[in-house]
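In the part that follows, the structures are each spelled out as structure tokens.
Shared between the two complexes below is subunit A, which has subunit B as its partner in the first and subunit C in the second.
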Partner chain A sequence: MDYTNQIREIASKLFAEGKIDVFVGYRMTGFDENQVPALIRDPNEVSKLVFTDKSVFNLTNYLKQDHTRNKRIGMVVKGCDSRALNLLLTESQVKRENLHIVGIPCKGVVDENGNKMQNCIECIFPNPVVFDEMVDGTPTGSEAPPYQVNTDIQNIAAMDLVERRAYFEEVFESCIRCNACRHSCPMCYCAKCCIDQETSTLYHGANTTSSAFHALMTWSLHLAGRCVDCRNCEKACPSHLPLHLLHKWNEQVIYENFQEHLAGVHEGDRGAFYKYSMKDPDDFIM
Partner chain B sequence: MARVGVFVCFCGANIADFVDVPAVVEEAKRIREVKFAIDYKYMCSDPGQQQIRDAIVQHRLTSIVVAACSPRMHEKTFRKALSDAGMNPYLLEVANIREHSSWVHQKDKKAATAKAADLVRMAVAKSIANEQLHEISVPVTKRALVIGGGIAGIQAALDIADARIPVVLVEKSPSIGGKMAQLDETFPTLDCSQCILTPKMVDVASHPYIELIPYAEVLELDGFVGNYKAKIKKKASYVNFKTCTGCGACWQKCPVKVPNEYNMGIDKRKAIYTPFPQAVPNKPVIDARYCTMLTKGKCGICSKVCEKGSIDYKMQDEIIEREIGAVVVATGYDLWDPKPYEEYGVGRFKDIITSLEFERMVSANGPTNGVPVRPSDGKVPKNVVFIKCIGSRDEAKGIEYCSKICCMYTTKHTILLHHKVHGSHSYVFYMDIRAAGKGYEEFVKKAQVDTGATYLRGRVSKIYKKGDKLMVRGEDAQIGQVVEVEADLVVLATAVVPNKDNPDLARLLGVSYDKYGYMSEAHPKLRPVETAKAGIFLAGCTQAPKDIPDTVAQASACAAKVCGIFAGDTMKKDPMISTVNKEFCSGCQNCVTVCPYGAIVTEEVPMGHGSKEMRTVAKINEGVCQGCGSCVAVCRSMAISLAGFTDPQIINEIVSI
Partner chain C sequence: MEAAVNNQLVSIEKPEIVAPPDWEPVIIGILCNWCSYAGSDLTGTSRIQYPPNIRIIRVPCSSRVDPWFLIKSLQTTADGVLVSGCHPGDCHYISGNYYARRRFLVTKKLLNFVGFHENRVQFSWVSAAEGPKFAKVVAKVTEDIKKLGPLHLYKKENFEK
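The block that comes next holds the complex of A and B.
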């Protein structure tokens, strides 16, 4: 998967047509084989842009920044990224008319060791659900596999409440509450966040195992029905915590109980916790 | 430093039998901030309240906890006691140790006592974070909107208008009157429906405080109690009501004949028509579906014969707005379509009719001049079988509930048949006879004796044709045998079902409706005429099936409620409502979608101090917000705070136990 040339061409064209102020894509780090996000404002710098299976980050995170707000933006999105974009549109965080979206028919990205990422292996939306033009001109890609629950999540489902809590507490014990996960998540854009130690009325105070787990759990509930499994958070975590365990667990609970809801697939769909349907289950209410 | 007073109530034996009240007081005394704690037999009694008032002054208390019954019962009482002692009433917290402890843990006094102590601890902790709140006052527009002009809407409009409050009455059809205008004589007194209804209809038309808007529908209702704005669509009638005298030349000459809804399609009316002779207003409208001038541009006769030049084929729908303070919904009911009763031959046999068709035929102004006839051959029937509960109490084919009025009007129909057709006989198949109401049982008993009608308790299983008769086969449960009755005519008492407009109308008004489609009242016993939305009330069959006496009573109750809202120039409102902290709001608008009262809108604010760039944030209309807290729950940014239930209050509660 290498769309470097196409992306450079499209970015040049958009600048030449005066359609954008900034193009958000990927560039090489300059010191190793990995890539970092690139915010290109100067048309002469489009040659810095690259796109390969090392273009891992979900760039829609840059849509929530003040320095890109209300700017006309060109952006590269993969399947999962586009779902995040859909939600950001639904939640009124970006104006559609300010965006020019370049879609990638994604074949999956790789981790530091060059192995295909787990979420990409399981991905059922490799093709963007929202875009202005596809990088290769074709809007269709390969058939997506059906939604599946992987063995990690099946194991969690098999635990009883006490076991599950103990399991999660142990797994997330080494969290240092740096909030990098939250910062890197495109869906976390609040001015005041419930898990901030300094400002939150809920999770202030000491950094204990229990407070870290509770903060992560609350965070994951704010993403329940909204997380698109892009794994920006995991890539950002300095403790290499498997945050997807929380998110995927929530995802499957919601998928099973709330009419097979998956985040960001349809624009306008706010997700299970923010809409009401007569079919919503109520058997957990007394 | 907080100084909390705790007052624990025995509630006679209600609490004291299952909770060790003195022990709860002792527990309360151990809380650092509690400076005074006492128990009393009846805290809500005047001496009980006096203890609170005295303690507030003597002990310089800063908040009060009353541990007693549900705040639904006496929160107001105790708040009043606080204000009488010069304390802000919202510094009160009620710990519900009756419904939440003594009543539900009657088997374990020790545990119930421990729980009561916990509830008190939580209330104390919460009260420490309570803030002084002040009632909000909102201005009121003193004008009521009544939707639907059946007997319910008519009665409500007249009662409100008689209190010199302007009323806008919106009726969907060309005339007011509703179903009652289609009835002949009415149970249980057999007075003529038209004779008691038409004077009221005329009163509506001539009342200086009523603006009657016929042939119209409500499109939108924005705002909140005391300050609604209604958008009303006046459908094009193609007749200028200002100049039309209602002379009738137009409908006499109109060549287009269509089924007459007023007579249940038994006869025909014209394309330009008034629904019935006593219609109010007595002005015709053109039915645009059928008028050939409007559909094909051919005809124009009515315009030619109208001496006043009132016909205007170019008339358009008109949208008008009215400012409104309160709304009465009185959109009535529909009748169930008995088509699923295939085994009765519904649809195949012409001589099976519905009760309302029968009612039209026996009416003096009906299509057959007051005599029932067989639709098949126009002969007057002698043997008539009435079958009750068609669709009612029938989970399989119809609906579960009892339609309430069918037993009574079927009895009425046996009397009317007896009066109108000499030598006739009624057979009534029934499941029960439900005649609860003043004079109702007597009415049924007398009718059975006077008419000699045969009552057969049981379900009809099949109807088939034999010659020109209908054979009705059913079970007579009293003798435990299958019976067959030879009938000239079969009358089905079809179920009352909700007006099919209700779900859309409910959504537009922001009120709820039940699983059938009836508008929901706020409380089935204690708030039967209110909806959950302040300032919107329900009258008549829009809420549930009922007869005329009940409909009229409910309509007058609505009027009393409306007058109550309009008693002052402003309205007091509970201050326990939500507000948005704009700085924290990220503009996601989850709250906007989730608010059941439509209380949240958006506004644009500068991105930062002095910034020209704008961003969108949520804004709560304090008049509309009911303090339900839904928005607080969905706001991830913690930008919304509900007065009386703020984060510090709730966290204090949680931390205290």
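The block that comes next holds the complex of A and C.
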């Protein structure tokens, strides 16, 4: 998967036509084989852009920042990124007329060790659901494969209560409350976040297991039904916490009980918590 | 299921923690203004006894209950949480409790997934006319949580009850 030349051509064309102010893509770090996001403002710097299977980050995260807000943006999106973009459009966080979306028919990205990422192996929508132009022509519309239950989830759900408690206590203990998961999440755009109140006073203390529990649980519940499984949070986490467990579990519960899954696939669909059905399960309520 | 070791009540999530002999659970009750809060009022005015372990918080609607409230409660004093609202179809705001129902299920399942017993958070529909039902619900929740023992998970340090 190497679309470097196509992306450089498209970016130069867009700058020449005056359609965009900023092009958001990937560039090499300059010291190793990995890539980092690049915000290109100067048409002469287009040659910095690259796209290979190491282009892991979800660039839609840059749409919510001040220096890109209300600018005309060209952006490279993969399948999962485009779902995040679709949700941001639905939630009125970005203006469609400001965007020129360059879609990638994604074949999966790799982690630092060169192994294909787990979410790419399980991916159902590798082709972007929203785009202005594709780098490789219009994708052939193949039927989406059925929803798969994540194997990590199955393993943990099979543990008994005390084992699960012990497992997650270790997870929450190793959190350093840097909030990188939240900052890297494309779906977290609130100007003030409710999980910050735990760090706002001397009394509560900054980095305790309790505050990590509070922050991660609140964060994952506020993302339930909206998470697009791009795993930006896991890539950003300095402690390598298995954050996908919380999100995938919520996704599975929502899929099994409300027959809703995969946020951001349809335009105008705000996710499972913004609608209801008379047939929703009621047996757990007295 | 009762969490007991050598005839001593222990926390079900952490069997090494033994409950003091005079331990009584603290239950946070989050009640909707229009049905359950009025229902609890009726319980009181009808002179029906219910366990004093519940501390009631009034909210405008059950859909006002962010999952965050449950997490914050469990993190501080609570050994259990009861959330109660209008019966489906009776919501003062037409559809609030339908939205809330989805959120409650996901919250309950996630808390159970990370290691809380499923009875730590419970939900009920109580209408303004169901004073006796409210007493029964509170009695059942209190009894359930007494069996689970004290909650000692992710509590804030130095937080005094």
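By our rule, the second predicted complex is superposed on the first by the 262 of 286 C-alpha atoms of A that agree within 3 Å, B and C clash if a C-alpha of one lies under 4 Å from a C-alpha of the other, contacts with A are read in each partner's own complex, and residues count from 1 in each chain.
In the analysis below, a residue touches a chain if its C-beta (ideal position, glycine included) is under 8 Å from a C-beta of that chain, and two chains touch if they have at least 3 such contacts.
None of these values were measured; they are calculated from a predicted model.
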Original post:
subunit B versus subunit C on the shared subunit A, clash or fit?
Top reply: clash
**OP:** Answer with first, second, both or neither: which of subunit B and subunit C does A:194 touch in the superposed model?
**Re:** both
**OP:** Report for A:16: first if it touches subunit B alone, second if subunit C alone, otherwise both or neither.
**Re:** neither
**OP:** Please tell me which partner, subunit B or subunit C, touches more residues of subunit A.
**Re:** C
Original post:
Which partner does A:258 reach: the first (subunit B), the second (subunit C), both, or neither?
Top reply: second
**OP:** Check the residue A:158 against both partner chains and state whether it touches subunit B (first), subunit C (second), both, or neither.
**Re:** neither
**OP:** Quick one: classify A:70 as touching subunit B (first), subunit C (second), both or neither.
**Re:** first
**OP:** Would you sort A:91 into first (subunit B), second (subunit C), both or neither based on which partner it touches?
**Re:** first
**OP:** Give one of first, second, both or neither to describe whether A:273 is in contact with subunit B, with subunit C, with both, or with none.
**Re:** both
Subject >> Against subunit C, colliding segment of subunit B, chosen among 94-102, 364-372 or 598-606 >> reply: 94-102
**OP:** Return the residues of subunit A at which the contacts from subunit B and from subunit C coincide.
**Re:** 194, 222, 273-274, 276
Subject >> Residues on subunit C engaged by subunit A in the complex (per definition of touch) >> reply: 12-15, 67-68, 71-72, 75, 88, 95, 98-99, 101-111, 113-117, 122-125, 137, 140, 153-157
Original post:
Across the complex, what residues on subunit B touch subunit A?
Top reply: 583-590, 593-594, 607, 613, 615-616, 634, 636-639, 647-648, 651
Subject >> Interface residues, subunit A side, partner subunit C - complex >> reply: 156-157, 161-162, 164-169, 172, 194, 204-205, 208-210, 213-214, 217-218, 220-222, 224-225, 246, 249-250, 253-254, 257-258, 272-274, 276-278, 280-282, 284-286
Original post:
Okay, in this complex, where on subunit A does subunit B touch?
Top reply: 66, 69-70, 91-93, 189-194, 200-202, 222, 270, 273-276
